[in-house]
Structures are given as structure tokens and as C-alpha cells.
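My questions all concern the structure below.
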Amino acid sequence: MRSHKRDNHSLRPIEFIPHFTKHAEGSCLIKMGDTWVLTTASIEDRVPPFLDKQGSGWVTAEYSMLPRSTHTRTRREATSGKQSGRTQEIQRLIGRSLRSCIDLKLLGERTITIDCDVLQADGGTRMASINAGFVSLVLAVKSLQKKGKLAHSPVKNAVAGISLGMKNNTVLVDLDYQEDSTCDVDMNFVFLDNKKIVEMQGTSERAPFSSEHASSMIKNAMETIDQIFQGQQKVLSE
Amino acid sequence: MRSHKRDNHSLRPIEFIPHFTKHAEGSCLIKMGDTWVLTTASIEDRVPPFLDKQGSGWVTAEYSMLPRSTHTRTRREATSGKQSGRTQEIQRLIGRSLRSCIDLKLLGERTITIDCDVLQADGGTRMASINAGFVSLVLAVKSLQKKGKLAHSPVKNAVAGISLGMKNNTVLVDLDYQEDSTCDVDMNFVFLDNKKIVEMQGTSERAPFSSEHASSMIKNAMETIDQIFQGQQKVLSE
Amino acid sequence: MRSHKRDNHSLRPIEFIPHFTKHAEGSCLIKMGDTWVLTTASIEDRVPPFLDKQGSGWVTAEYSMLPRSTHTRTRREATSGKQSGRTQEIQRLIGRSLRSCIDLKLLGERTITIDCDVLQADGGTRMASINAGFVSLVLAVKSLQKKGKLAHSPVKNAVAGISLGMKNNTVLVDLDYQEDSTCDVDMNFVFLDNKKIVEMQGTSERAPFSSEHASSMIKNAMETIDQIFQGQQKVLSE
Amino acid sequence: MRSHKRDNHSLRPIEFIPHFTKHAEGSCLIKMGDTWVLTTASIEDRVPPFLDKQGSGWVTAEYSMLPRSTHTRTRREATSGKQSGRTQEIQRLIGRSLRSCIDLKLLGERTITIDCDVLQADGGTRMASINAGFVSLVLAVKSLQKKGKLAHSPVKNAVAGISLGMKNNTVLVDLDYQEDSTCDVDMNFVFLDNKKIVEMQGTSERAPFSSEHASSMIKNAMETIDQIFQGQQKVLSE
Amino acid sequence: MRSHKRDNHSLRPIEFIPHFTKHAEGSCLIKMGDTWVLTTASIEDRVPPFLDKQGSGWVTAEYSMLPRSTHTRTRREATSGKQSGRTQEIQRLIGRSLRSCIDLKLLGERTITIDCDVLQADGGTRMASINAGFVSLVLAVKSLQKKGKLAHSPVKNAVAGISLGMKNNTVLVDLDYQEDSTCDVDMNFVFLDNKKIVEMQGTSERAPFSSEHASSMIKNAMETIDQIFQGQQKVLSE
Amino acid sequence: MRSHKRDNHSLRPIEFIPHFTKHAEGSCLIKMGDTWVLTTASIEDRVPPFLDKQGSGWVTAEYSMLPRSTHTRTRREATSGKQSGRTQEIQRLIGRSLRSCIDLKLLGERTITIDCDVLQADGGTRMASINAGFVSLVLAVKSLQKKGKLAHSPVKNAVAGISLGMKNNTVLVDLDYQEDSTCDVDMNFVFLDNKKIVEMQGTSERAPFSSEHASSMIKNAMETIDQIFQGQQKVLSE
């Protein structure tokens, strides 16, 4: 039996808590089972040097795990003096995903930084970061609209992600940590709400997979992702 | 009128939420007004090199603010590649304070690391870290007792801290951020529950203070600290 | 017309030059069009700490671009003091890919490090690194066999990778730099020679893609990858 | 008997050697017993970014110990790649203390950096740094006056510091290294010459102290600090 | 017998391969025996801050060894986070040498960076870097002339370098790695083509040398260096 | 007229002050004109990893300039996070020079670290470091002999260094800062007291020099170095 008494194609219980902290222009805590990620969106009236004077905005992301969000304590990256390769890979993925849903020209010369800090980890933290990061991003955009700084929202689509895995030729949706650390294949899919794919990353150190398996995982991901879009939609329409 | 409708000698509403996250041997979220700090205690069966083979344990602390715990976004220390002087100064203070309440020989050859991560900052984060850090520390010690690894608790006293300030020759207890950034004098006191002082740090760039003012602040701190000890005691006796 | 006068489904001219340098246990320079990567395999009789006393070996990879392998000079990572997120992401990918083809237990307590240094870049450097890295890895294993340190080769399969992209709904195989910087979708596939997938990474900041497009790219990749396996096989059988 | 044949409330022999080195705008070597600190004041016609265009100057401090100023060799911070938490904490304290005695607006848009390099350490180096740092600062200000760049001195008060400790319930003034490493309580006080307190930092890992002890140490510090002000005054009036 | 069947006063076979890579404004691979160094010259229309608005250009060099250019693998400097003292010493030497042959005022406000990356090391890599770096520098200058950006070449002289050593009181020219690691004295000379000395660096940890030996090595270097100038001249006149 | 009223072939006034600080096993302050360097020798009963279990000792050096030892303030290397190329080049030179005078096998498995900290700089700091470093080294060795840890001194020779320059075809001995920054050629020679050369480093960015000039500088250096050997000898025989 899988955690949270669910079958192979079911998500863990998912909860979005918007406005979790007060200083950020947008914030949202997500709980996907025992994976909890606090995301905030911070707006700054500047753009990175490579966008200087191009009339375009920027969306970027940073990711971090609290040292004891994990089963055993992980060394704090601020003390080791650098972000690990894993951290950088994840925050690049989150940033690309969130940029795919927004018209950066319409955003104007602003940078929105999505900070994703994992309070408790139980697998799927990068997808949880995207799911809640999108909510924080929209809340931040709404704050710009309320202040009259933006007439229209530059957000074109919703974006959400989901992890899948294969174990003994079976597809499992939304892996928790124990499944993640023992499965044969580990895939992450990020979709727009028009069901187009934005990111697709699969890896297998334990057992390679066939193209049929790849198709099967894509199909399963598409069938399940709507529940996440609905969760986002619900808190954003409140 | 001060925030939370309180007079000059009153604390902000204080709340301890023990067992906030599940992986750590001890964890406690504290809310002192709008200052929220998540603390966790992690036990490892090793000691730092300078204690090698001395039959003694160690307690240490690390401190960090989430980038958007603050009014405007603060750069993540993991990306700047080092901890700031302020961060190091604070975590050294927390570590010394928590070591003052425990018999390290009785703890045995173990290290307990108290991670203090500020989710939302509104002044007084270092004192909040000590207050909740103590709860996490005791919970971790209790977990060792439950597992039969310790017969008796090495914790000798409770430890708690409180910040005070002076503005226009008036003492204010438990400063929030706005008060902290405009007051003349900024003091922090850490006490054991026998009312002995463990740490006393006062600074003034705006207006120096007399020895009478110093005595007055010590007196006010001693009168108020009991409320924090009671809050710790309540959640630890549940 | 595409570079090197080829159609949409054709590779650039590919050349493997084994034994390019003399000190390494294995070395291979690959030329895929104007992308040139020098790979070397270095054997050391030790394993990383996490494999200590487990009777298993390890294969890892490092990746770097010479500062002027690119159109404009890129800052040397040794002077900036750290590897970029992109570099770390790529070398993690190469390492995982090369570990998928080898039985680490059979390798014994050794580490083989595959260094991939890009002498000239024109797109597809990470896939070129895997393709030549595999040749260097096998040559290093053969050197162990020649010295009598290994009775049988622990290499179970060949591994090779290929990049694809989509532009205006058309699939392009083996992108050069100009195509890579203007296409809508950028995919990388790594296969074993049994046509199973080891890694699959696709991203799109410009235009998201449908699941049909995903299937189409997988199919095209499978049809073309054999030419790379043949190139590897040819130089390894000499 | 204490070192230098003194009683509990006496300072070690103290000597200020102004103009010790020739390049700095101000310099002063201090000897407090066997603690020797070389301080220099350097004037630069720029201010840190946070003071840009505010018509204010800045005073800051840096602190370092020569590797063999200590009983056993301490690793050079330039080779470990960062300043320790202790170093940063000390130089922040020195900087705040020296800023308390000067009107930064009157200083004009200049930065004065006080470098404090410990040639030989025998306890109390941070207080010695403040005591000599003040002399260097005044000498640098005088050099500005001599050159006609400042009409009036922006220095409002003298500033000086003193360390105290408690051992077996007895107060000891101006601890040397051996006393410092065995006492129960370690306090540092920084005063202006109007006897107002600028900094007050006490810590105790060995034995906590009562509020009466705190008052007693404040009183003792106030009684002794005048000797240091007199030493500063003497060399500055020459 | 020495490597490559040569006598004590002979160079190893030397080969210059200009235009080895295509992106750089100038590039040259040099083979001095089994020492292979790829050099590139990159032109940027900016100067370092210390030359700001002085109407002068700059020439600088960076040096690196591929991890497995050496007999055993050397750790990559990008992963250790800094360039070693040896690397910095070498690239400072290369930079000074190449600046000695060019009129920086005539170059105009441009920086030419010479990257020297050792593909295979067998002794004498720093001198090989200078020899090929000069060729890359001249090719880059010619590209400026072709584009009409420079009317006349600012290159005043050719510059070239050669290593010598002493073993058992015998002078050896152009040491390979095995000789280098066992000889008593290790000298490097850099000359302009007017036979004036630009750099002269000799060291001896094994056996100190007399002034007569010094003179003897200078004489031998002057006799041999012409062959290198001829090699440069030949490829540059093609 | 040169500084200190001397002719072209004369040293500046030179003074060795042994036992300047008290903690180090050996210490010596040197004043060569206005160049003051404090050197200390620290003995540790361990050797670097590459000498593990070879029955040999090690001598190494570290070099640093106090931030305001120079005409204008130089940034502290501990705050920039790394030693400059110049610093590393200098300390490598000092280390090699001091190792040339001692039998490391006779020293036994110990490391002696020579710290050279420039209190005031006026040219020639690296040669001053070697000259005083040798005195500190010998004092440290004598302390080992006094404690009965060494029967015989492993120091075989004295070692000393001297800088020379050329300006308008004239040789100048022992350059001060102003001469150093305007001369055409800058040479450093390190000798053993048997007049053999240990290090010889000459560079010229302004004007290259002939082999006759090189010989002339060697000759002048040999004639002057004896005065430094005599200074060392005098304080060591006291």
C-alpha cells in the first residue's frame, strides 16, 4: 500500500495556503503529503544586466532545503559556501518553468524572484515548488495590478508539475521519498494548463526504460495534472 | 500605541508550536508577534574535533533568515557564498546560550545542532531563536531518553532571552522591527530560570546610556522573562 | 539549408579520434561538425566516501569549456571561483549516463573520472561528451584488462546521446549552435545500445510542445542514434 | 598574584606609541601588558554605497591577528579564505564603538578605516584595538585639519574600552590571556569620556551571574576607565 | 640519451599549428615534443579599470592544465574554487612576457586575452605558452588590421622563451618532464628577437649554482632561441 | 641622491631585532630602511601529507602585507577571500629559499612555518622577509636544541637575498619603493653564504636588458650580499 492510502495513479493530499507570510508581494505554502514548501514572490524594479534597456521583465527562482527538512541533517549551503549542483539544477528548472507561463514584455522592467524553501521534505520538492511558486507569482502580479502598476496580467497560462516513477514496470504517480529512493525511473513533467509540455526530465540509474514506458508516463502525467491546476485555481479565485 | 496594543513593559503575544516538523529529533515553531522562527534539534553521534575523546558532548546553533522573511528581499547567503558577520554573531550567541543550560558531560559524545530559520521577521529574531531552540533541545533530549540512550536529562535549567530598548529615556520591552530600527539603545538579555544572567549585550550607535539606565533595563528584563519560561514550560509538560 | 549540407534528420559529420593524448588510461577526441570535445578517462584506486568498503567502484564526470571555445570569450570558471549551474548540471548528466552502462560491482573499488573539455563549441557539447566519454571509458577498462587487473569487462552496454530540437513544428536532429539558440524546443536523449532510454531531458522556453511532438522526437532519436553507436564500435574494435 | 604584580582592580602597564608607521594618516601601537596591537587610520574620499549622496562620512574597522601572535600558531584567514565569526564580531564591535564618538555628518563624504592588527596577544585585544584605534582616528582627523580639508574636528568625545571578568565571585579588571581562559564571566565595556556606556557585552559559559554582579562590574569598569582616557589624552596633546 | 634522440643543446621537435580553432581572433596549437598547448587570443573592446581613459590597451594571459594533461590526474581548479599559486605565477609570467613585445598605446583601448590551455604536459609548458601565445597575439592583431581597426601593427618585436636546466654540472636545453623533475637547477629565459632578456627566472632546491653556471646558461639560451623565432616567423609569414 | 644618502651600490641601513615577539619559537623584526617585516618561526610536530612517513621535515613560508603598510590602503586578503597571485608568488619564493639552507631529513618530522608580515613597506619586502626569516628559522632550531629535541643543527648554510635594479643602464642596489616603481629592470638574487645562487629572478616590462647587464647585476649582488650575512651572523651569535 502506498502512503496516504492511495493507488498508483493518485496524488497525495494537496493543500495550498496562500498569504502564508506577510512581507512578500506573494506567498504560498504548499503541502503535498508531508512535503511542505514555502514559496514567496518578491518584486524588484530592476532587471538583470543581460536584459538592460530591452523593455522586458524577468522571473527567476531560488531553491533551498532547511537543514533538517530531511531525514538526516543536511549541511547548510551558506556554511559550505556554495549551492550544490542539485540545488542549482532545481532552481534553474523552476525558473524556466515559471517563465513559460508569463509574457515578460508585458511584465515590464521588473524582476520577480520566487524563493522556494523546503520546510519538510518527503519527495517531489521541485514539483511542489513550481506548483506553489505559480500561486505566489500570480499573487505578486495581482498586487501590481491593485497598485495600478499593471493594467493587465502578463500571466498567460497556469503552470504545474508532477513527478512520476516506474518500479517493476509499473507507473507510480507523485512519488514520496521512500518510493523515490527505490524506483527504477524518475520522471518530472511540467505542463501548461493547455496540456502542452514545458519541461520533461527523466533519468534512470537503476533500469533504463523503453519508449513505450515513456509514452505511458506522459499519458499518466497528463491525466493527473488537472487536479493540481484545480487546486491552484481554487485558492487564486478566492 | 505599540504594536499588538501593549504597554511599554509587555511582551508581544507568544506562541510555541512543538513538533512542527517531523524528521528532527526535536522541533518547535515560535511566534512572537509577527516574528516566526522554526527551530529544529538534530542529534548526531559525533563531536567536533576539539572534543575528541574527552567524553563530552556539544550543542551548537545555526541561524538563517529566509530571503523574504524581511520587508525587502535579503540576498540568500548560499548564493553570496558566505554567512554575514551578523549571522555568525547571532548563531554564536544562540549556541553559547543553549550550552549554558546543559551538562555536556552528561549528554555524552553527541552533538545537538539547533537550526533556527526565520520564516518571518519582525524584530527580536535572535531571542525568539533561543526561546524556541530551548524547547527543541529539550524535545531532542527526551527522544534520547525514550530510546533508552540517556538515563537522566542533562538539562539543568531552562534558558530564555528577551530584547529591550530605550527610546527617549524610556525602556521598551520586546521590540518589534519598527521600534528596533529607531530606538537609541538595543539590549539583549539571556537568563537561566534561576534568574542568573547568561548573556548581556547592549549597543548604542544613536545615544549612549548611563549605568542607571543599564540597571533599569536589567530589572525590567528580569520582571518579564518569567512569562517566556512559563510558555516553554507549558508546551514541554504536555 | 542546414550546416554541413544535411537534411533535418541527419547528423553532422562525426569523427572519433581515440588515444588523442598519452597520459590518460583512455582518451578520445570527438568531432561532431565543429563541436570538438577532448575526453579522458583516469583510473584511481579509491572510491568516494559514500562507497567506502562496499566493494563497488564509481564512474564520475567533469565538464568544462575552454574560455574561447565559444563565439565570444567565456570567463574561466577557475577564476570566477566556482562551476556554473550549467556546468554542474551537464557533468551530473554525463556521469549518470556513463554509470548506466557499467556494472560498478564488477569494476571493483576504483574510480574512473571522465574529463570532458570542450576545445571548440558549436552546439551539442554534452551529447558529444557522452559519446566520446564512453569510448574513453572502454579504453580505460581495456587497459585494466591488459594489466591483468580485471578478468572481464564490467561494461554491459554501449551508451550514446543525441540532441534534437523543434522549430516551427519541425523536428531537427543534432542541432548546431545557431539552431540551438533559435529553436522552440531543445531535447536530449541518451540511449543504451538495446534502444532503452537512460536520460530524456526536454525544455522549452519559447514554445511548449504536445505529447505527439514528444513521441515524434523520441522516434527520430531512436532512428538516428545507431550511427553514433556504429562510430563508437568502429574505433573500439580497431 | 596577578601578572605585572597588580591587584584585582588594576590595569596592566599601558603604553601608546603614536605615529608608529609612516604611511597611514594616523597610526598608534598600543601595549597593554603583553598585548600589542598596531592600529592605523586610512582616509579615503568615498563612502560605502548605502551612504551614497547623503552628505555623511563613515568610520569602519578591520581586525586581524598575526598567525603567531598567539600561543600556538593560528591559521591565517587569507589562506582559509574567510574571516572567522570571532573576527567579524570583533571588528563590528570596534567599528560601532568608534562611530559613537564622531559626528559623521561633520566628517564629510569620507571613509576612515581603522585597521587593528594584533602583533602579540595576551588577552583584551578587542579593547586594546578600540583604545589605540581612537588615537589613530584622531590623528587622521588632525591630518585633515592640517591640510585645510576640515575646519573643525568632528570628534565629539573620547572613547575607550576595558575588559573585566569574574572568578570565584571576585571581579578582576583587565584580564590577561590566562585569566580570560579560566574565568567564569567575561565582560567588555566601552565608554565615552562622559562616562556614558556605548557597548556592554558579557557572556558566561562557565557560571551565570546575578544582577548584583552585573552592577558591580559596571561600577568597577567606570572607576578604571579614566586611566585609559588619560593615556589617550597624553599622547594626543603632545 | 635524451628524449627525441637529441643532444644536450638541442630543442625537442617543435611544431606551430595556427588557426587551430575557429572562434578566436587568433589561435595556435604548439607541440614541443609531447608538450601540447592550445593558445587563443581574444579581443575585447574594454580595458581593465586601472587603465580607464588612458588611451592604452592591455594584454593579459590565463593558463590552465587539463586535469589529465599530466601523468596522474590533477584536480580541476574550477572545482577546488581557486587557481593555485603555481598557475597564477605562470600566467603572470606569460602576461608580462607578451606585453614586452607590444606598444600598448598603439593597440588602442582594447584588451587581448591569451588563453593557454595545456592539452598534454611533458615539461616546459610555460615557455611553450609564450611561444604559441605570441603567434596567437599576432594573428589577432592581423585580424584587427584586416577589419581596418588598426592601421599599423603595434607589435614591435617577436618574443619567445626557453627552459634550461643543469644536471651534474651539465647544461641541458629544453627539459622534458623527466629531466625537469630530477635536475639540480631549473631556469627559464624569455627573449625579444633582438636578443635582449625580458624575463630570467632560475631556482634550485637541489643544488645551488655559481655565477659561472648562470652565465653559461644565459649563453646556451641565446644560442638556441633563434630556432623558436624561426618557427614563429615561418607560420606567421604564410 | 638616493634615499638614506647612499651611493648606487650601497644597502639601506639594516637592523635585525631578534626575539621581537614572545610566543613564537623564533622571531625577528627586520628594518631595511623604511621596510619593516616581522617574521616568526612556528614549529609543529607534523608534516604535510606529501611527506607522510618519509622521515623528513618541512619548511614553508607565508607572506602578507598589513593593509596600511603601503602608501595607499591595500584591501585585506582575508576580506577578499583569497591571496593574490603576487602574495603566493612571493611566499613560494621565500619558502624555496629557506628550504635551500637546511637538511630536511636532519630536521625530523616537523614543520617550521615562517610567517612574514610586512608592517611598513618601502620596497624589497620579499628579500627582507628572507633575510629575517632565516634568523627566525635559526632561532627556532636553537630552541629545539635547547629542549634536547635535536642534537645537531640541520642548518647547513646561511641564506640571504638582495634586490637590484637598472635605471638608464645603471645598476642600483637595494631599491626603495620609489626606485622600484620607476626602474627599467627589477632583479632579485638569493645566495647561500658560499656565494652560490639559490634563486635568480629578473623581469623587465619597461626595457629589456642584455646578457652583459645580467652579468653585471650578478656581480654587484655578490659584492653586497656579505653585509647582510654579517648582520644575520651578528644577532645570531649574541
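As written, the chain order gives the labels A, B, C, D, E and F, with residue 1 at the start of each chain.
The rule we apply is simple: contacts are C-beta pairs under 8 Å (C-beta built on N, C-alpha and C of every residue); 3 or more make two chains touch, one makes a residue touch a chain.
All figures in this text were calculated on a predicted structure; none of them were measured in a lab.
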Contact-graph distance - origin chain B, target chain F: 2
Copies chain A and chain B touch via same or different residues, half shared test: same
Chain separated most widely from chain C, comparing mean CA positions: D
Where chain A and chain E are represented by their mean Cα positions, the distance between them in whole Å: 51
Between chain D and chain B, distance of the C-alpha-averaged centres to the nearest whole Å: 28
Inter-centroid spacing, chain E versus chain C (mean Cα positions, whole Å): 33
Sites on chain E at which at least two other chains make contact: 81-83
Chain ring listed from chain E, with chain F in second place: E, F, D, B, A, C
List of chain B residues in touch with chain A within their complex: 21-24, 27, 34, 36, 38, 40, 42, 44, 62, 64, 66-73, 76-79, 81-83, 87, 113, 115, 117, 119-121
List of chain A residues in touch with chain C within their complex: 82-86, 88-89, 91-92, 96, 99-100, 187, 191-192, 194-205, 208-211, 213-215, 218-219, 222
